[in-house]
Amino acid sequence: MTQETIDRIRRFTEDRDWDQFHSPANLAKSISIEANELLECFQWSDTEYDISHVREELAYVLVYCRNMLDRLVLDGDEVVNAKMAMNESKYPVDKAKGKSNKYDSL
Amino acid sequence: MTQETIDRIRRFTEDRDWDQFHSPANLAKSISIEANELLECFQWSDTEYDISHVREELAYVLVYCRNMLDRLVLDGDEVVNAKMAMNESKYPVDKAKGKSNKYDSL
Amino acid sequence: MTQETIDRIRRFTEDRDWDQFHSPANLAKSISIEANELLECFQWSDTEYDISHVREELAYVLVYCRNMLDRLVLDGDEVVNAKMAMNESKYPVDKAKGKSNKYDSL
Amino acid sequence: MTQETIDRIRRFTEDRDWDQFHSPANLAKSISIEANELLECFQWSDTEYDISHVREELAYVLVYCRNMLDRLVLDGDEVVNAKMAMNESKYPVDKAKGKSNKYDSL
């Protein structure tokens, strides 16, 4: 996300004085709620979906994730890189290649 | 997210030949599943939570969102800005300020 | 569910003094969290799943739903029948037969 | 749930020829989707909620759970009692009383 997009999301919240609703718990609920509106695009079929609807719901998940990073004063790149480092060691290429198993059953 | 972080996520998937599992429907399920591991951090309390656990689960949601953008060849900034434009008109500042109502009951 | 099963669920909560955690909001989170552990059984495949794991997670969803009915002093049959009456009129057989469309696009 | 209510749910599905959509994976998605519509009732407040909306969404979760029990030819009481037996031993009263900790951190 560019700084401009991030600023737009922040300004949207500030202009509406919505920070008061953005407790970490409320944002966690919101991410799950929007993730399920995204999931609803695939409720009855894995292959036929309305891409414009998918875009919209995925955007909403991303916006609430951004709100949460802001609220908790977290850096998106930092948290993702920390997680990727964990995943890289939990799922070594030679063991995990081509398999969808969880790390504890590889 | 920096290009470097995005590349790291892509390389992780490619190295493990996991693109075959990343259908849009499977990624939508995955985003919801991780969103709920995030929600679990707040299951019994809104105010006491393990921040390192929150960071980890939020990171996973972000990684799966990135996988989905990649799979559908979408631009994160573009989809978010399109959504923000919609939200800005659905929630005009003078009507929405300080209220948590949905746009259709403002 | 038999009265005996319902009583067992209630006794479990009472014996542990857990009613204090069972606010309607916490139970709503819990139902979503367990629903996603159930969903995880199908994360990477729609057809290969561990039935004993499915049974366990589905049971947990049912238990939390029962906790919520209890907390809100609702009758399960009553709420389900009210909903079924709505569904029967929203999805008339002649229009809805064999279609997975939502009622507003039938 | 009474046998009459169960039969009404089954007849609803049969009359519409919807069993074809009720794969276990689709029902797992549906349970999560409805659980999140329930969660949406508590998105911005834990204490102010529309009880008629809560009833409706909780009913939908119960209906999809019933559909899943039917699809997998499971007995609701049996799966719930098996789970309760597990919970009773994982959360002994003397250790778990008054605590919201997970069993592995009791």
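Of note:
Going by the order they are written in, the chains are A, B, C and D; count residues from 1 in each one.
We take it that a residue touches a chain if its C-beta (ideal position, glycine included) is under 8 Å from a C-beta of that chain, and two chains touch if they have at least 3 such contacts.
What you are looking at is a predicted structure, and each value in this text was computed from that prediction instead of being measured.
Two chain pairs, A-D and A-C, are compared here, and A-D has more C-beta pairs in contact (counted per touch definition above).
Chain B maps onto chain D through a rotation of 180 degrees [Cα fit, steps of 5, range 0 to 180]. Rounded to whole angstrom, the centroid-to-centroid distance between chain A and chain C, based on C-alpha atoms, equals 25 Å. Separating the CA-averaged centres of chain A and chain B is a span of 2 Å. Touching of two or more other chains is recorded for residues 21, 26, 29, 32, 35-36, 39, 42-44, 46, 100 of chain D. Interface residues of chain A, counted against chain B in their complex, comprise 1-2, 5, 8-9, 12, 15-18, 20-21, 23-26, 28-29, 31-32, 35-36, 38-39, 41-42, 46-47, 49, 51, 54-56, 58-63, 65, 68-69, 72, 74, 76-77, 79-84, 86-88, 91, 93, 96-98, 100.
Taken in their complex, chain C has these residues touching chain A: 29, 32, 36, 43-46, 100. Remark: chain D residues 21, 26, 29-30, 32-33, 35-37, 39-40, 42-44 touch chain A in the complex.
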